[in-house]
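The first chain written gets the first letter, and so on, giving A, B, C and D; residue counts start at 1 in each chain.
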Amino acid sequence: MNSHVEVRGLNVVAGGTSIVADVGFSIPRGGVLALIGESGSGKTTIAMALMGYARLGCRIAGGTVRVGDKDVLSLDEDGLAALRGDRVSYIAQSAAASFNPSRRIMDQVVEPAVNHGRMDRKAAEAKAVALFRSLALPDPDSIGERYPHQLSGGQLQRLMAAMALITGPELVILDEPTTALDVTTQIEVLRAFKQAVREQGATAVYVSHDLAVVAQMADAIVVLNKGRVRENGAAVQVLQQPQDEYTRTLMAAARPERVAVEGPGAVRAPLLEIKGLNAGYGATPILRDINLTIARGATLGVIGESGSGKSTLARVIAGMLPPSSGSVSFDGVRLPPALSMRNKEQCRRIQLVFQNADTALNPAHSVGDIIGRPLAFYHGLKGAAAVRRVAELLDLIKLPASLAGRACGGLSGGQKQRINLARALAAKPDLIMCDEVTSALDTVVGAAILDLLAELKRELGLAYLFISHDIATVRAIADDIMVLYAGTQVETGRRQGYDAVARHPYTDLLIGSVPELRPGWLEEQGARPVPPAIRQPKDGADLCRFLPRCSWRVSGTCDQFTPPRRPTPGGNTILCHRPEGASEGAS
Amino acid sequence: MRLSRRQMLGTGLAAGMTGLLMPRLAHAQPKRGGHITAASLSSSTADTLDPAKGALSTDYCRHAMFYNGLTDYDENGQPYLCLAESLDSDDQITWRVVLRRGVKFHDGSTLTADDVVFSLLRLQDPASGSKVRPIASQMASVRAVSPRDVEIVLTGANVDLPSILAQSHFYIIKAGTREFSKANGTGPFRCQTFQAGVRTLGVRNEDYFREGRPYLDSLELIGIPDEVARVNALLSGDVHMVIAVNPRSTRRIRESGTHDLLITPSGLYTNLIMRRDSKPTGNPDFVLGMKHLFDRDLIKRALFRDFATIGNDHPIPPFDPFYRADLPQRTLDLDKARYHFARADLPSTPLPLYCSPAAEGSVDMASVLQEYGAKVGLKLAVNRMPADGYWSTHWMKHPLGFGNTNPRPTADLVFSLFYKSTAAWNESGWQNERFDRLLLDARAQGDFALRKEIYGEMQEIVAAECGTAIPVFITLIDGFDKRVKGLRPIRLGGFMGYKFPEHVWWEG
Amino acid sequence: MAGPATRGLLATALPLIVKRIASGLLTLLLVSLVVFFIAQLLPGDMAQELLGQAATADAVAALREKFGLDQPAPERYVRWLLGMLTGDPGYSMVANMPVADVIAARLPNSLLLAALAALVSVPVALTIGILSAMHRDTRLDRGLNVATLSMVALPEFLVATLAVLIFSVQLRWLPSIALVPADASPWLILRALAMPVLSLAVIVIAQMARMTRAAIIQQLNQAYVEMALLKGIKPARVVLTHVLPNAIGPIVNAMVLSLSYLLGGAVIVETIFNYPGLASLMVNAVTSRDMPLLQACAMIFCTAYLLLALIADTAAILANPRLRNR
Amino acid sequence: MMNATRTWVKALPFSGRVGLSLVLLWLFLAVFGPLLAPYDPGAFVAHDVFAGFTAAHPLGSDYLGRDVLSRLLSGARYSVGLALAAALVASTTGTALALITAVSPRWVDEGISRFVDTLISIPSKILSLVLVAVVGSSLPLLLLVASITYFPGAFRIARSLAVNLAQMDYVQVARCRGEGAVYIALREILPNMIHPMLADFGLRFVFIVLLLSGLSFLGLGVQPPDADLGSLVRENISGLGEAAPAILVPAIAIATLTVGVNLLIDSLPGRGRRMAGKE
């Protein structure tokens, strides 16, 4: 009995169906075990079962869960309440949703400690502040006074870690704690978690779908699929010599490869041309001075973190948000700014595919209705001709024609995303704007969608504006890449240009933050250099947006003047004072 | 009999006070003290302390608390002297009034002839809002002969003046009173609280001119429009007297053991009004048709549970001395009704018939009429109006609607107020010269038999021609706590003809 | 933190509240128009009503002139509106006193009744709503659901009358009429108002309880509730300390809208218990064509509703830290 | 179709099936009630008033000696029919206005909202009183009053639904496609509102039944000799003291109708219930 946590024959049922079947594993004291799998693999259900908790409609039907000397599943409600948040604590996927929006952070962070009588409020607050400090949170003394909506996702995630660790638990369960975060934030949060858990000497269960992240955190990995264990072994072994077929599929999808043939670069008569575009909601500017071109049949990747203005760019092009200045020209003709002023044909030629197929498909309509509507609307196709064309389109996206009569409610995420795409294709557009079309999907499914996009591009000669937060995905499909940071276009260039070392400091950070699929990578990265001191930024000047976070900023320049656009040796254009961006500092 | 009454009035105080309103020997000696709450029918912001404007039972009762008339009614509805020490006339035109000595208003001032002159003359002023202007207009002059002597000269002879003066509208107020937020009368109670639409509270007037009266320390009067609520309030002990109990509630009240009923056969009637000035209601055949459409037995039995007396389409009830018994009783006759309607030029669309809980029994009578109407080809659309405001908004304003007339002390009054061509409340709007002439003749006729003959003819004319159908006279039912003593029926209205305040006492 | 938080409140919440007040005032203006012109539609007018049956045409005309009824409606509307704005709702010819006085005698009664009914119904409704939300889809939830449903399933006049029969006539515990002298002791007032208050409360409790339940269940589905449970906090405590602060916006909204019924919707209860409230006064005003009184009453009800709605919106703004401070 | 109905019924919980049976019963009585009535509802057929249950009069006699069963059977169609019609008008109007606001510029929304606020702030019983005083009581007027009273509530719910739905991605997609406002309102938004609006419709129906009975108390309801269930209770209320069937039966009738509709609504699947009941 040297293991600290032991799970045997765990079964969880929902309604009549088993969602976790005969799962068992053990973790030594202080060990970190990763539960990895796609959506529906039961990884979160197992994690919650470790606390004797099952969500509404689910029931733990059998098995044992032992944490230390406690048989968790035999505890009554009071016993469980005493265990949860005290000996075993939980860090949820979305900190933004898991904090009570109407209570101050401090109240919530100290609540487990005070509630379980570990310490009085004052001592708990002191401990919390210490945890804030060790988790590298800004303003550790006063951050607790704030409300959740006043903090960023990364901060909330770390605050939740503080909340989980405040009682000094023996087991910490981390459920996809960095999935909702931007990649540049993720690395810092991972680092903070790892250190904090190690300091506590706690045992940890790390739930994730992301192998690269898991590689950084776990000592052992359990691979799950449809509620069953597929593979269980040491992290190095599973990552380097996966035994199970399913594990190998996961590994392959985690490293997307170039799927698209090379499209044409910038040409003289571009399909889409944007010049000096500014846009915003009301008085709040979102996009500033955007310039880009997309050639017929080419793919422009747009990358940036949440809030960088990627989706707004697509909305402006589609006419949903008229720009405050600048022009959008399509096929040489300047497009009217507002949707209401565009004609049908202009609408038809640019199609937008939304990120979330669940919300982009009207649940009241059948698949046939959804794909058939653009056919009727743009091409006047009705009756048998429309039915035939719908079948063709379904075939094109590799779905059976029999789906046409079904409502989209019962379809899988991947199928929905294909139908979402088919609807755009039905218009016979020249340009499709894909807004994070693979983000909500499991890696394997997302990879298949990318393949499909590449194939359609090859066959139909489509141009794409491909928006993503994931540099690997963008690299896999785009010919040109544009990096957006806080609404400014910090770097633009050919895909290959990003392989060069000289790049915008933000691009550098972005690329450097993507975890690699091997243990030890996180440690190699070392902490990011603290940005050098600068002067009080000049009031009213249009300064570099990245200035507050930039490790290569130059006092006297970056804090006083508007950055210029300049070329890099790799052939890209960057918006930076430093002639070669990050390269100088990096070398 | 008429003469003897005049003599009684002339001989003054003693005769009046030995009247039947003195507690009978059978009763225990009245007790002084106690408080009771009486609930009357309606109550609204139009409630008033101005006797001239009194319109509803609550007003009449309230005015009886605070004021007195020159005369008052006894149990048989006959007048006796009140503020007047004597009231006589030789020709029924010029009347001499001698005021009782030492009667004081609530403010301490003494009743004088000027007060009487003021009180009576204002009733003729249109701006006063007087409800009895047509009657008051009979008084050609009212003048003070001396501080205690008043002379009233009528435009024509009227033997019934003593009865007229006993009505609440003719109560005597202090000369010069124009503002009625407080009552300043000579009545048995002083006004302590008056909130229009809410309550009236009176406390014993210790200076009341009738020795020993009133018996109660205080008396509160409220209005509860909803009958069920009213009876419930009585049975729960929250009020001690309620007016206008529905016959269907009598069983509950009797069975309670602690409460009893005051049953007063009266001249109160709910009548169907057929306006002369509209079609088809102005058609005499239509009127006759309708009169034959009433199933009077059913109405008496089902609607009033026999608390009613069958009427004959004229306003004189069978127990009135002037009732003409030899007029054939009109009954339900569908064949006659059909015959008349066939000649009445009925419209094809349903004829709207307005009824309201305000006119007691009218809603159900309307249902009955509609039932029978359907059998003879008359389509009626029953419009049930809310009780509140029915009188001012709907009464007499529609070709076909119900009215409700309180008992009047004399045949002359009811005829003058409701059937004379020029009467403001000439409900049907009929004009009959012979009727008007007979009315004047009767007034001057001192001989009872001759008067009865005249009134008999008037009854016949109304029953035959006037656009009014009077199926039954409604027996008044009041409910009271058995500890309330001294209640006796006066057929002029519920609550002892609204004059109960000074007659009741509390044995609690 | 108080400083910035207050500034935040002023900066973000205040403009929202001011905007809400502005739109409330606009609505009030619309209401005044509707009220005034609906009142004009009523057949007959005050002059006729006042003069009664004895009115002659020239007497009516003279009175109309005296009251300014002969002027065109728009002009009268403007004059009335200006009067209302300066706090003078006119003169009631029927009651023969200023409208303000007539209302002053009744308004406190209505407010007292509504306040007591609110005082009873809000805690009960909250308790029922919270209990059934916490035990949703259990026997307790279903039981409470059927219980609250049965409360509204019967016409209110029947419930009120039944209550009188039981509590006044049979048991003699409570008075059947709610007419109390102004100088009555608080105990007497409470006794007299007990049944009207309960009758009104029964009507609004069901609605409020159901809304509370819905609002809380909606919150119970949020991730932070699961998180709180996983922190080892007992369900009852989770509801009280975590869920309620978030559900307070919609709950207050539901409560306030239900409570607005207590003023204008009390006609039937006022009638049955003979309670001198504003609603029956307005009914009176309609039937006696007392337009100034009718209009003033209508404006009071509408203002009360809009005020309550404003309170609900303000509560929603203040309960939401996103709106309270940024 | 039959199968679908059967599955749907089977999916209902017990309380839902009870509700459904009650609703179907009342719909049946509303349609066929007058044909089943043993007597003319207006005829004075019994000698005794407020009589108990007898063979001749299974539900006793009323305050005038009319047959309670017959009056109940004839009255059902007023309560059910009138309330159904008014709830339909209210829900349809509310939904239509909500759709208009969802696809129109802000000032339209603002205008409609102010208009609705104006209506909602006038107490319904008093509005009825004035309207009845102006035009007299009639079935169309009652329909109008009930609709005016309850459409603002329907509008508020429909509006919040529609405004949320108008932000959905699929609506954005349709906008991008260049679709007109009418298509968006009717094809994209409306189908997704129907379920919660149906639940709301049911509640509104119940409120209208109760409003109508409240109006009949004030003498503003269905006019005699016709009587809806509320009027039946009202006209026989003096029989309450002796627990006469004449008052108990219609009271129970109203209760079963309202509780039945609510039980059915509450057990409908979907998010309808959460949205419903918001005034």
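Everything below uses one rule, namely that a contact is a pair of C-beta atoms (placed from the backbone, for glycine too) under 8 Å apart; a residue touches a chain by one contact, two chains touch by 3 or more.
The UniProt protein names, listed by chain, are B = ABC transporter substrate-binding protein.
Here the structure is a predicted model, which is why all the values come from computation and not from measurement.
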Given chain C and chain D, the chains that contact each of them: A, B
Per Cα centroids, the chain farthest from chain A: B
Higher-contact pair (C-beta pairs counted), A-D versus B-C: B-C
Central chain (distance from its CA mean to the mean of all protein CA atoms): C
Between chain A and chain C, centroid-to-centroid distance (C-alpha), Å: 50
Centroid distance [mean C-alpha coordinates] between chain C and chain B, Å: 41
Centre-to-centre distance between chain B and chain A (centres being mean Cα positions), rounded to whole Å: 89
Multi-partner residues of chain D (at least 2 other chains): 129, 133, 218, 237, 240-241
Multi-chain contact sites of chain B, meaning residues that touch two or more partners: 228, 386, 389, 393
Residues of chain A touching at least two other chains: none
Touch-based graph of the chains, sorted into line, ring, star, complete or other: other
Every chain pair meeting the contact rule: A-C, A-D, B-C, B-D, C-D
Sites on chain D touched by chain B in the complex: 42-44, 49-50, 63-65, 129, 132-133, 136-137, 218-220, 223-225, 237-242
Complex interface listing, chain C residues touching chain B: 43-44, 49-54, 56, 59, 92, 94-97, 102, 105, 161, 164-165, 168-169, 172, 175-177, 179, 181, 271-274, 276, 281, 283-290, 293
Parts of chain C lying in touch with chain A, wherever the complex brings them together: 1, 222-224, 226-234, 241-242, 245-246, 319-322, 325-326
Complex interface listing, chain A residues touching chain C: 48, 51, 53, 55, 80-86, 89-90, 92, 94, 97-103, 111-112, 115-116, 142, 145, 147, 149-150, 163
Contact footprint of chain D on chain B as seen in their complex: 227-228, 231, 246, 248-249, 251-252, 298, 302-303, 305, 352, 356-357, 363-364, 366-368, 370-371, 381-387, 389, 393
